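Sharing a structure with you now.
Per-chain numbering from 1; labels A, B, C and D assigned in written order.
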């Protein structure tokens, strides 16, 4: 573990902040860090850029973390985990809620490689559509219709020519991942798809066994990014 | 430590053998290994080639070692120590007795670099002039006159145009090293000279302090090869 | 070629998953069972225990520090989880408790266990693990009570920080079927940036490659003193480490922290050990304790 | 900026040479004295002792194993050798003996010593070192006897394998001026080619980077319990290790096995610590024990 200083904070809303560190982490999009908020807990967070994490307050630690001040120190282990496989062709990014966090990083990374990147970003309500202008080409959805299409990202996916994309990247809550998995399986597109999973984690380095899926894969090492095919055993 | 198998042995005489290992040691001429003859002691020995040591029986371990059989195992730590600095110009190698061991390796190494190598090799009696034909251009001396010049390598050095060499490398018993040091100092040639020293050793890796010289240098790390200038504090 | 016998258990090879590593769910145990001789599940207690706050496991340059704090869903729930174990490797259930009765009570839940391991050595929980395992008499009592209860083999896992020869002998006299040595060493690390201990519990157990020479010494000493099989645990990472532990006297070798390097480590160790046995023209079992021969 | 105070000794910096490393001759001690706060000479006994056959020190991937066997020229001869010490760093003479009288007898030879360190912790020689240091009462007696004899500071060097808190408290009550923790751990290694233990003595003491987390824990525990200064020993290699030990409670830090990496390590550590102190805008002394603050 080492510690980094908080350099800058963007408060996107009452419950979501992006926290920038004072130094760059050598990493790839899709990787995560174990972030130790001293006197609270160490939790897994995806990198939202080589310099930052984007966090939503859902419990004790994350609530304290979104209120952190610049100049404070956080402990970091990592970056850990398997990143997304990049493409320089046509990419579709599908984000559900705070699942957008790793996709900000992926978006920039793919753009840099010359890819054509389109984003579908949805939430329960418009307040969940954090930092949406960071995506260049984006379609929005909310379940309550407060912004964009009224419905879910899954509905938006259904209406899309998914075959036209070289790669489809998905991150969001488990229910959404499973729904997306089903659509892609139906359309025989699992080989083009990559899913970023979450799971309760302790060690982050593949020894404690807290994060294993139904097929025995460790989300912290074999994941958090899995190809559609890798998930057949875990999701079916 | 790892163990190597003895592949081949040349018995030069009753008391001196060259022992070849079954695999090459990544090394430079002048470096030594700590060789553990199981059930005896671990002792420092210069490499006489990347594959071999050349040993003279002087006590319990070396006596057993010169009688080792092919197929037996020896323990090896190293190679350790500072090697000779090579030249591709004119080189003079001065060997006293078993001090020839590292110079066989150096001889071949310098030849390979295109150097012009001349050797002065002396002993008490002709039996000490082990493996003399391995040197291409060599002058011999014995104290009893049984072979070559009657006298010492120091006498032969005195008669030589030492200034004509780009590098002078010396290895032998302490008395001889000191005598050679004096001549070279007188003629202001210390900067061209390198001496390979011996000393009682235990760890070979610079921690135990058994091998330190008067100036505090560790023969096992700062040596065993010292430039003439480095020895000013230790020899004067 | 790699088969080893430990008390009444025949293992297809000497590789055993160490307790606490990837052993909380049947899904990971099933996945690991193909290439292992046996698997030890995560230590289980009678009641649910939360364990410590994260961070509970951190990597240091030479090994891991952990203070998981014996988190456990409790015997009843964990037994349900292990019902789903389907592997060929023997399943060893690791128990922690503070007295003989409790050990017996927990053991009763685990019909699917091929053997039991007694955690007498976890260094970072007061009243459990090492606190129990430091007392040779208590260890003897626990073993005697359990032996009456079950015919399955019982292994005692002991610490390098205890009077390990005394403890092991007491267990042997009480009828234990094997000794597992060692558990983690006590250790800690401080983050110099924040000037705070890294583990939430301040200190924890130190494992991984760094502790191998310490474990080797304990295995060596026990082999000189005991007649029952010894199972090594502590730092084994490469096939050479497995061979080294067996030469020191281990009949089998547990693999724990090395899962940091690869999930397929059982497979690669197994294949390397086969190549070793073939080259040396031996059955692997023959090398057990060989380094003690003069 | 780097000055630290240990009992009545003022050290120019907290770096101390560990006993047994490069401390057998004045020539190496003189060379090392420029950038160190203090130097501990190789442990000396009353009589000459040969020590064990080579190999007595071997490098392993994560640390060193040694079983030098307390080789020593004996008090009289070694005192003559140390007469040639000319350095600025404080000279600490390390003593080993099996009873209080002998400790006193040896100490009398060393007028040039600025302080004494009692080796109560060498793990590989029967009847000496750890055998003595495991007995809190005996340790107390030794300290009391020596304190009557000399006004110079006395440090007790203790082992992680003993009941170290008990031993340290007994030494503190007897008036010891500081505690050095830890000595080497017990360890061993086997060469799988020859199938033999590598050290001639079979097993020995394990030191170097691998043992740092273990030493850290002992220093931490002692700092919670003692009022006298603690000197850390065990694995310190980089300036970060020195800072980490000081945060854990050490007033000074010994450097031993790290000489494997560089003979100029005192210089580079000192310069790095200066840079650290400058950046943090503190005198280094201020960080002692800081990680204990809530």
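Criterion: contacts are C-beta pairs under 8 Å (C-beta built on N, C-alpha and C of every residue); 3 or more make two chains touch, one makes a residue touch a chain.
Since the model is a prediction, treat every value here as computed from it, not as a measurement.
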> From subunit D, which chain is the farthest off, judged by mean CA positions?
Replying inline: A
>> Using mean CA coordinates as chain centres, what's the gap between subunit B and subunit D in Å?
In response: 37
> In whole angstrom, how far does the Cα centroid of subunit B sit from the Cα centroid of subunit C?
Replying inline: 51
> Which integer distance in Å separates the CA centroid of subunit A from that of subunit B?
Replying inline: 64
> Distance from the CA centroid of subunit C to that of subunit D, rounded to the nearest Å?
Replying inline: 33
> If you look at subunit B, which of its residues touch at least two other chains?
Replying inline: none
> subunit C: which residues touch two or more other chains?
Replying inline: 189, 196
>> Going by the touch rule set out above, what shape does the chain contact graph take here: line, ring, star, complete or other?
In response: line
>> Following the definition at the start, I'd like every touching pair of chains, please.
In response: A-C, B-D, C-D
> Once bound in the complex, which stretches of subunit B touch subunit D?
Replying inline: 1-4, 34, 36, 38, 41-43, 73, 75, 77, 202-210, 212-218, 221-222
> Which of the residues in subunit D end up touching subunit B in this complex?
Replying inline: 20-25, 27-32, 42, 53-59, 64, 66, 68, 189, 191, 193-194, 196, 198, 200, 256-257, 259-260, 263
>> Which stretch or stretches of subunit C touch subunit D in the complex?
In response: 60-63, 65, 160-161, 185-190, 192, 195-197, 202-203, 206, 209-214, 216-217, 220, 240, 243-244, 247-248, 287, 290-291
